[in-house]
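Consider the two complexes below, in which chain A is the common component and chain B and chain C are the respective partners.
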Partner chain A sequence: MRLEPIAAPTLARRLGFPAAALALTILVASLLALTAGANPFATLGLILEGAAGSRFAALETLNRATPLIFTGLAISVAFRAKLWNIGAEAQLYAGAIVTVLLGTGLVPWPLVLPVTALVAMLAGALVLLGPVLLKTRLGVDEVVTTLLLNFVMLLFVSYLLEGPMKDPGGMGWPKSSPLLPEARLPRIVEGLRLHWGFLLALLAAVAVWVIQTRTTLGYEIRAVGQNPRAARFAGVPVNAVLVKTALLSGGLAALAGFSEVAGLKGHLSLDLSPGFGYTGIIVAMLAMLNPLAVIPSALFVAGVFVGSDSMSRAAGVPTYIADILLATALLFMVLAILLTRVRVVRG
Partner chain B sequence: MTDVIDILLSATFWAAVIRIASPLIFATMGELICERAGVLNLGIEGIMVIGAFTGWITVYAGMPLWFGVGAAMGAGMLFGLLHATLTVPFGLSQHVVGLGVTLLATSTSYFAYRLILPEVTSPPKITPFAEWAIPGLSDIPGLGPALFTQTPLTYAAFVVAGVTAIILYRTPLGLALRAVGENPSAAASQGLSVTALRMGAVIVGSGLMAVGGAFLTLSAFSSFFFEMVNGRGWICIALVVFGAWKPGKAVLGALLFAAFDALQVRLQQTPIGAVLPYQLFLAMPFLLSILALILMSRRAEVPAALMQPFNKGER
Partner chain C sequence: MTSDASGAQPDLRPDVLHPDVLHLDRITKRFGPLLANDAISLTLKQGEVIALLGENGAGKTTLMNILFGHYTADAGSVTAFGKPLPPGNPRAALAAGIGMVHQHFTLADNLTVTENILLGTRSLWSPGLNLGAAADRIAALSRDFGLAVNPAARVGALSVGERQRVEILKALYRDARILILDEPTAVLTPQETEALFQTLRRAVALGLSIVFISHKLHEVMGVADRCLVLRHGKLVGEVATANTDRHALAAMMVGAEIAPPALSPATPGPALIRFANVSTPDQGAVPGLKRITLDLRAGQITGLAGVSGNGQGALSDLLSGLAVPSSGEISLGSTPVTNWSPRAAIHAGIARIPEDRHKTGTIADFSLTENAILERYGEAPYSRKGWMNWRAARDFTTHVIATHDIRCPGPEARIRLLSGGNMQKLILGRVLEPGPKIILANQPVRGLDIGAITYVQKRLIAARDAGAAILLISEDLDEIIEMSDLIHVLSAGRLSPAFARGEKTPAELGLWMAGQGFDMETSRAA
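So, the complex of A and B:
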């Protein structure tokens, strides 16, 4: 078989394949429910209900989507330049560490929130800067270094939480001291469990969209991603663009840590992120690396997680169904997106 | 310092080095085969998980240990087929597909585990492979007992590495595999099927990765638990680079790496371990892998067509 590009794909083709990918994902979910001895329709219904069936459920999904918007943006920025940042998890924790350091008395009100957010971004950017400089200077593959740094960072956080940053009043649990009240992101509406981190995430998405579509950097990022050699030939400073991309990507990932600590948890612990950094890759790919599409994509992914948790409690289908669903959605969707552009021919 | 020397002189240390290196050798050979054919397989971490799980659950269900190894290999090859189909004929991003396969294989293992054992907090144990003393060699004074009293899977790991080296460098198949990883267009014009060779490499390579995972449950820990692969797959990718895509050097890298790992575990029990935080010791394998990548960066002989999809009719 051979792939042949299609000059002008029809609308049916551009919608049909992604729709088929979605249908296949739902089919996989139904089969999984069947193997767990549950009714597929009831299971899917419970996932939907758990994700958006009540005010509580919907707020939970919005809360879960917040860090995913940040990490999804971080990945989409980086992947656009073919910079394979798989280390958003480490960058997230770098942001979280800074948030606790500055939010427990070091920076006074009213500076604490803006300063913390900025320094957190800087910390995340620095965590990614290392692997990127190794890539641009020595040609070390950034996939492996960013992946390995995730493990190092988690061990570092574990050390901090059992040593220098341990909460003296934490009854021996490895968690940090709580943030001061003025260092917390307030709720958007009093009484509703949704904090300003969510609006910040929406704002970040718009900002990234502006950078990508309206600035020189955005143009350069795309040029580097499409063909670094051609970009260099056209006078784009490829390595400088990669470094700038990394700073932006690492900073965005760190905001996920800032928002989770300052908005939701109020302290740092080792279970702050159930893999938001990795899930951000799925969010970004489902959004086809479009920053504005990251928002609905993150909502969808968050909904699958929140809905599956609640379904699991009711129907007894293991909650890992969510991860299987997202992995199949990812693989089917990248294939579907390819098939909207190319035709498979024999020979 | 005397602590370190004491450790290095103990036979149990060297036995541990060989043991720790074994799963890494299987998985590193698997990744090396994929990459020599031009395909980066980031599914390795998840394929090791599904191998660990499948091997263990098969034996837990009452099958013989070697059935467990076979089942693990089969499961790995299945996920390898998925990876190969998406990355080779369709030429999709090897990064994205690899990470997707890792997520899929990991979550499938966890889902199945929870389905079969819903309430269990500590996973049931199986009887793992027993140690086999090789007659003669294991009687050599000094390191003989340490090096030649290992489980059969350990010996298998070294045999696999040898066979991989022979196939890659001494057979027409190996030549063809290297050709599609270096210059697929030229290989195709010689009448080789780039698609078939690359897919075959990814499928067989994934099978080996899964056996590496199965080593953990069938030869090392006797049961399956979450997070047990713990980044070993990513370390193996670093080992392939460290070994400059050559089986012999990659085995040496795995042994060196295992030596550091065995050393850090033992150092934790010494006065040094009482001063330094244990997390630093646990981070050593990952930091060492990064260091290895940096040291090798200048000399790395990357297969020229690594991560480059090949589509007939395109030049």
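So, the complex of A and C:
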């Protein structure tokens, strides 16, 4: 058996395989529900209802999608350049720390939100700068360094929350002081639990898309990612491009932290991110690294999580089904994407 | 199977029973829309050398891969020594006495010659394995067939010619009665080629039969009894070598008469780039440059002959800006270069045609447009203040496609869909359109069909006539001799003196390629 590339995939092929992947994912989820002793149709219905069945559910899904759009974008930018940033989690927390530092009185009102956002991005960028310099200067594998920095950062946040940044009025809980009201991202519509972070995320997706398709930097990033050898031969400054990519990627991941603290939580705690940095990898891969496709991809992933939580409460099926659903969706989708481009031939 | 036992098997004494040792009957193979082999039949007689001729992509290698069981034919059958060969089974082909020497060697560098030859016949750790007996047999085979190689040497330390001999020994050790050689001379010096032909003649005298795949016509004329010509997957001609000549064969291969590009006498101008006492570090087994001095003059093609891996890569990297010399100096005109980089080389007006157009010259999943501006994406009109101007890029690409007759679906098509020739034409357009002063052409026609070869060579000659200084690097000595005004030979990182066009015969150049000319120079100097 070998794989033969297809010059021009037909529309049927490009839609058929992803659709089949979705169907297979649903089939696997149904089997899981069956083994948990529940009616698969009811379970899937409950997930759908919990994700989008009411205004509250839909807003909850949008809220959950917001940080995932940011981390998904961060990953897709980096992976385009074949820079394997597994450290979006650490960059997210760097952004969150800055948001608390600047949002608790350090920067005055009209400036606080834009300045905080920018400095948060800078902090996230700096967290990724170390690993990428180690990569370009010494050839250290960034998968290892970025991954391990996640744990360093979590321990650092833990130290901050137990020490210098601990909320004096927090009754001993490891959390930071709350942001001042003017440092919070306002609700988009008063009374609805959806903040400006979501619109900022949509804006970021469009901005990244413009950068990738319209700017010289975007061309360089794609060239370095697709064939660093040819890029270097043609005079693309490969290392400089990797550094710029890292700054952009780290900055985007940090915006997830900024948006979660300033938009949703209002303070920093150790449970700020239930792995948004890692889930961003799934989001980016499902979107085939396309920045605009990151939006629906993040909505899908967020919907599965939110819907499964709600389904779990109603049907008694463990919420782990969400993780399995996403994992199977990713596996089938990656296979489907491959099969839209190649055909399997015998001999 | 041992050599003693082979005599006892009636199938392997075909001289009496089966004068036709191999018969391919209407072999057909399709790859998607491409008909790679269209009902090809051929017969190989005992003690005969047949040449399989054809341009790249004509279906030669596909046919041999079917014969050897790497591919399964869609239709048709293979008969060896009167018995049908099961399709898709390389082991059966080996057992039937068919041995294949691939263009790219399949040897393990860290094992000795003996171990490499035994590899696959039995486990190297099997009890009672008698390496000594095997080595004796290998020594006997190399004596009988004139294949000089030390059985105890590590393959990693051998030259390309020696490695090829190991490949042939490997086939002979397995009692191959039919040898298939895929482009065996592509990597050899003329002397090594002659030695290979001696071996083949001995093999034929000992009763073996040989299929020789090549596109070098004069070699084919020298070694083959019969020529079979393939074109676009079809067998278009079959002639006895005695009854034909190179021109007739070439015409059959291409389907039309092809005249090689004419090279008028050069009118060399000033040196546009000079390398003075330049050295580069060795890269593992590949030697670096050893204090070479070279001027590239305007209006002149300087050909660099040599077996690959003798420093061509290092010189090519220097000229294309990928490397800087560890000692010595490069100067453009009379200005020594500082801050040497690919971008600096491009700005200095150096057109660079890289050796590997797939991996270095283009980005496979980029469109023609994105590839066409790869060297100048950061400059006006393609980029202004950090924003790409895709319209300008597309206009340039459309222009290149038209002027260089690139066959493609359009400027937005991914370049991986193009044939090698069209890909090379795009690279040619990319580097020649700005009107370069210096051109590095590293293996510019390797793997191309004759039409594309002629086109590339014509463009290079036209650029020379327009005053460009050209460095032509090739492993193909014929190409160097045909295209160069001045020839240098590179051997183990040393550069020979310049030889004028026609000053040295191929055999004399071959001696330099093997390093002997340098030794004479040294002894004369001493």
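Here, the second predicted complex is superposed on the first by the 347 of 347 C-alpha atoms of A that agree within 3 Å, B and C clash if a C-alpha of one lies under 4 Å from a C-alpha of the other, contacts with A are read in each partner's own complex, and residues count from 1 in each chain.
Everything that follows uses one rule, which is that a contact is a pair of C-beta atoms (placed from the backbone, for glycine too) under 8 Å apart; a residue touches a chain by one contact, two chains touch by 3 or more.
Everything numeric in this text was worked out from a predicted model, so none of it was measured.
Once both complexes are superposed on chain A, the partners chain B and chain C fit side by side without clashing. Judged by the touch definition given at the top, the superposed model places A:L217 against chain C, while chain B stays out of reach. In the superposed pair of complexes, A:R2 makes contact with chain B only, with no contact to chain C. In the overlay built on the shared chain, the residue A:A327 is in contact with chain B alone; chain C does not reach it. Greater residue coverage of chain A by touch, when chain B is weighed against chain C, goes to B.
When the two structures are aligned on the shared chain, A:L32 is found in touch with chain B, with no touch to chain C. Measuring from the middle, so to speak, at the Cα centre of chain A, the directions to chain B and chain C differ by 70 degrees in steps of 10. Contact with neither chain B nor chain C is seen for A:S54 once the two complexes are overlaid on the shared chain. With both structures placed on the common chain, the touch criterion links A:A231 to chain C but leaves chain B unconnected. Minimum Cα-Cα distance between chain B and chain C in the superposed model: 5 Å.
Across the two superposed structures, the residue set of chain A contacted by chain B and also by chain C is 4, 347. Interface residues of chain A, counted against chain B in their complex, comprise 1-4, 32, 35-36, 84, 86, 134, 138-141, 143-145, 147-149, 151-152, 155-156, 158-159, 162-163, 278, 281-282, 285, 316, 318-321, 323-324, 326-328, 330-331, 334-335, 338, 347. On the side of chain B, the complex with chain A involves touching residues 40, 42, 82, 86, 89-93, 95-97, 99-101, 103-104, 106-108, 110-111, 114-115, 118, 195, 230-231, 234-235, 237-238, 241, 277, 279-280, 282-283, 286-287, 289-290, 293-294, 297-298, 300, 311-313.
Residues of chain A touching chain C in their complex: 4-5, 7, 214-220, 222-223, 226-227, 229-237, 347.
Considering their complex, residues 31-32, 71-72, 88, 320-322, 341-343, 345-346, 352, 354, 359-366, 370, 374-375, 377-378, 383, 386-388, 416-417 of chain C touch chain A.
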